[in-house]
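Common to both upcoming complexes is subunit A, partnered first by subunit B, then by subunit C.
Take a look at the complex of A and B:
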């Protein structure tokens, strides 16, 4: 009896410890994809490029002996008639199973986005269990998506991470680019009252040199990835790029500005006063005015003066009020330009349609069908901006006053 | 009937776990659009009336199982046939729930595992628990209820602090009131609220009969509020379009969580909620069938039925549909109308009327 018990215990232990999971895969069998790029070739097939992490060569990893000798990532390119074909076909070249769960960056080339649009390809990413809805999307400008993820980067050695962090910091500090993930993109894509925006990225320098380790052995890289503009989509296709002021104006309208510099002219000095927004709040509301839908945007920005390159008495509250007013005008100008551009393109990137839907569902039902093409371009948009200067840095008046006295 | 007693708090926990289980995971009442939470609340309130019917029947025969008092009410032949149909209904419901959970686990975590293996593992645990009797089911409930509660709170906290909630996604409010009413009465009333019909098999085990009404109504109310909150949360995080498209909206909501740069990909919480919930729902249904069969066929040891009926549920769950979309369509269109409406609403109401007149005469 005792013997029987021991045998059965032993068997249970074997069963639980030795069997493991049904379709278990060891870490060394997985090719961890950090970035995934999609292009289209002349034959109309998709060209996918996988940026796969070389675990041995990532600095700081446990076995990181070889770091600095070889690149932290390797890329493979494969073609296919759809993303699923493409992914499984790639196994002909890659020695490991493709593992999408850590793919944090989806790169799409401008041509693909412009000619064919993203409607057809995003489904396979959304449907897949492994692919994360929080993966960020970027569009490459003037370079193939596949080439884009081949470029090696410096401070963050995994290029995908470098791009993500750049995108994050530039949205936070400058506000001309937007961090869009797959889920947000599809949300706006399917909404009738909002069109998606995606950040563009371009390459500065020589792409061929950027692929080699030589690149990392210099202080001045041959190829640098730079966030560049906002891609505007309509019906899933890229229709326009927003750059500079228009991009930032759009970000103001979306309440996505965190910290950004605003410069104004003062007493004939070009861009002599710079103000840095620390926090802001943009309220967008839709209401009916004389039987027509109207949008009002109210922006309240708070910040510091960071550059005062003219002799102006910033200790005087009245002067500050005047500066605040000028700053408000400057911001308003940017937002107006962005709204104007959106109207000309007939793309409601601000989501005014959604706001109208929320506040006036009955009106929206009538306008929904032709919102982007007819109603939105004629929309009455009222913009109010209030900028508040809270501090002037750690100085009162600029030293330019003293210089003036000296020269007198 | 086995000799067992459960307390009011155990019943409360069982009812909550049972009702939450799969309803927490699927896009419940999504046909009501943004106002699905309202449809859930309406269905919850109506189901309290439905519960009053079950409770009134129970008051007439507090010590008897429904399968027994049916015989008393409408005669031997009809009563026994009806009881048998109820047992089939419980088995079939158990099979449907089992299928749902098998598929969820497959599409979520084990894409390459055959469905049969997954369902077999689930039903094995269920069968063992049911074999041990209702007291064990109830005590397991107490234990896992704490886990569920903590997980739920943790999730809510994570979603709140990751700043995903956008209340404006819930506007406009009441865009199509007729849809809300329709969804509440044709779908949500039956799943999950009407499913408490299976608890009529458990009510006789309650040790304090007078606490039943308060306990059950409180459980139904709590469930309704939690479910309504969950749907409102899903829609406010994902937006309506995505919630409609998602097979498991709560999973998508959980996947959107990014706190800091490290606290993300917490889907395992979803799997835990799923397994706990699925286990209870199938267990309670199988228990209802087991105890019903035992009383109907005068079997002395009901627990011996757990294995055969468990196998029936397992096989039934495999043949109930060819694929998941078909299963869902059955669950939305066929099952409520032809099985749940009669078994959960019409028959209990008729029985109550008969019971009323029969007891008046004597």
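Take a look at the complex of A and C:
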């Protein structure tokens, strides 16, 4: 009896000990990758660049270290025939295990996106256990992705973090860029009724100087990373860039605008009134009109007057109504331009196809195959914009108005 | 099982030893002979005081007053015994029995009894009574004169109270019983005395409320106490270890308290208290696990606060159980679960630490256990040294030397504080040991290991019983009616029933409608208060 007990206890202990700390990794063995960039070289091989965090050099981390004196990240570049090959080959250069779980930024160069498309490479990201589906995707404009993540940044000293926060805040405050993560990208990519949009980033200044610590020792950085435009994809390949008003119009249509300025001309004064949207709601609905699919976009924006550089009586409700109308027109113009651009490119970035799928599944089944190339460009899109002025700021009439009254 | 057989064998041996003892001899008629026997039996110990007085007159009778110095109340003996006997010297004894006169008229003590055999004589003598022997009488008169120096009633050390009574049990069993009786003024509060310990002959009492406590449980307690056959009982801990259900595991199945109000509260729920002379801790059975997270004060405070504090205590227990294990698991297996910013901070701290997380955790935990034990055992005068050295060693030195990371110090300190804040020392100490097992399982298998450990722990807890009551009732088996007083504390007026698992019969605790009945607000102005009175604002 006792002997049996001892044997079974012994076996249980062996069971736990023999399996032995499988998959255990000490923190000191991990190279925490903050950003991962992919390019392609002349030989047709992938070039991967890893931005690895140097925990000791990150400002704010305690004790000794060299926080602030040495770069917070180190980059390594490796080539390979596919991303998996590349990742494992990189171990020849990097002293620690590459750890993708905290990779929050995936950077892809314009050439790679344009020439080859992302369909092939994204699979290895999505399939990997560690790579997060919530990692953000950006496309570099006019610079190699690998060089892009070598640039040191100032306020947030981990460049990946800096890019993410920039993307977040510009989407929230300006609305010309979109925050797309891997999962959203792949979803739009596989959907027949929607095409993915990815933010572009470009570099202002001198790349070589941006790589060194001297960059951080000056108030005016030599190299700055800037969010720049929206990349439009079709069948996994980059086909077009949307900039400025077209980009923002697209964001309106996607209901992704949070806060954004809208400026209008007023009484011969160019862009004299600025309105800041504080919240908006865009409803997109699809219906059948005369046997053809039609889309109606209804935008209801709400905001404050932030600049009134003309002598105008904003306490007068009629004047406000006129301003509201003009603002509505301005927004409508942007959205129309964006829709027009999308039609020309034959890329349904708004997801009108998905809307039609939801409301008219039978019609959709017929149109699905040739939606992007045939049906979408001929789509009848009706845009209604209502802009509403919630308040005129903390002031009623502009002082210009008071000045004018005085001189009268 | 062979282990059981072994135990039985041991028991048989002991019983045979008992039989070898001499039969109790009865008291002789000769006083000189009797005194010689006493001297011989006590080995002429100087604290056994024998005083010979001639009692009465015509004829005079030689009497001896015998008592143990220090155990008796000296003024009582002087005033009511010695003086009284000397004053009554004029009493004429002819024809009457001097022994009867002595017991009926002379000895002015509260309780007087007679003894005929040596065993009960010595028992009384050595527990502080005074023995009076008379020449020519084979009987001894025993007067109750218990007294002597004892610790007075003080505030309990281990169970501090803010709101409740500040009285704590002392080492004297009589005082302890009286402290409870002062709270429960009810004839149904029954006390059953026992005498346990072959050499120490310690007084042990069972206390319960007749009609509330379950008779079977009382009988079980009696039964378990009766089979106690220890050499000595120096503290209630001796009794605890030989009557508890599970003596090998880590979890206490008997709760002990230093507070009369806690004891009274438990008696009123149908539990049974065991008092042991010489121990300021009353044992209370049956105990369930949730009790170790409750204090008497929970019932004195507002109920939302007590509920919160009770849940906090369970949380603290969990932290003290698996705190370091979680840290070890997260930093060696599940780094993806830490927010990136925190991961960078932790990584920067551990970069210079040469040990794996588990070794680091073990170093810190063992250091802390050493410090704690040292702080507990060392004389007060040098205890400040340990706190300085401890703070320096754990807090700063270890970090500066790069042996442990600051994050680990935080984890260990939080665990330590959580462990110290658990109200019951008994349950906290169980977590202290189990914590190491959890740390090892976390190091071997990460969260998976911790979860396995928790499952095993739960299975063990569910299997425990305390005097027939499942250890984690009323949660398992689930008792919806009693859930009000677990990690929740329903308002007092809602606690209408006693725990079902304790007293199945007499369950109604209080009248219904105990919720305060407040008049409507306009009725607040009493009829006799007119306008302009102080009710007006």
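Quick note on the criterion: the second predicted complex is superposed on the first by the 381 of 408 C-alpha atoms of A that agree within 3 Å, B and C clash if a C-alpha of one lies under 4 Å from a C-alpha of the other, contacts with A are read in each partner's own complex, and residues count from 1 in each chain.
Keep this in mind: a residue touches a chain if its C-beta (ideal position, glycine included) is under 8 Å from a C-beta of that chain, and two chains touch if they have at least 3 such contacts.
Not measured: the values here are computed from a predicted model.
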{"item": "First (subunit B), second (subunit C), both or neither touched by A:23", "value": "both"}
{"item": "Contacts of A:99 with subunit B and subunit C, given as first, second, both or neither", "value": "second"}
{"item": "Partner chain(s) touched by A:289 [first = subunit B, second = subunit C, both, neither]", "value": "neither"}
{"item": "Which superposed partner A:281 touches (first subunit B, second subunit C, both, neither)", "value": "neither"}
{"item": "First (subunit B), second (subunit C), both or neither touched by A:56", "value": "second"}
{"item": "Contacts of A:366 with subunit B and subunit C, given as first, second, both or neither", "value": "neither"}
{"item": "Partner touching more residues of subunit A, whether subunit B or subunit C", "value": "C"}
{"item": "Residues of subunit A at both interfaces, subunit B in one complex, subunit C in the other", "value": "21-23, 101, 132"}
{"item": "Interface residues, subunit A side, partner subunit C - complex", "value": "1-2, 16-17, 19-28, 30, 32, 34, 53, 55-56, 58, 60-65, 99, 101-102, 104, 130, 132, 158, 161"}
{"item": "Subunit A partner contacts - residues on subunit C that touch it in the complex", "value": "1-2, 331-333, 335-336, 340, 343-353, 356-357, 399, 406, 441, 443-446, 449"}
{"item": "Complex interface listing, subunit B residues touching subunit A", "value": "107-108, 110-113, 117, 168, 171-172, 175, 238-239, 241-242, 252, 255-256, 258, 264-265"}
{"item": "In the complex with subunit B, residue positions of subunit A that touch it", "value": "21-23, 101, 129, 132-134, 183, 186-187, 190-191, 354, 357-359, 361"}
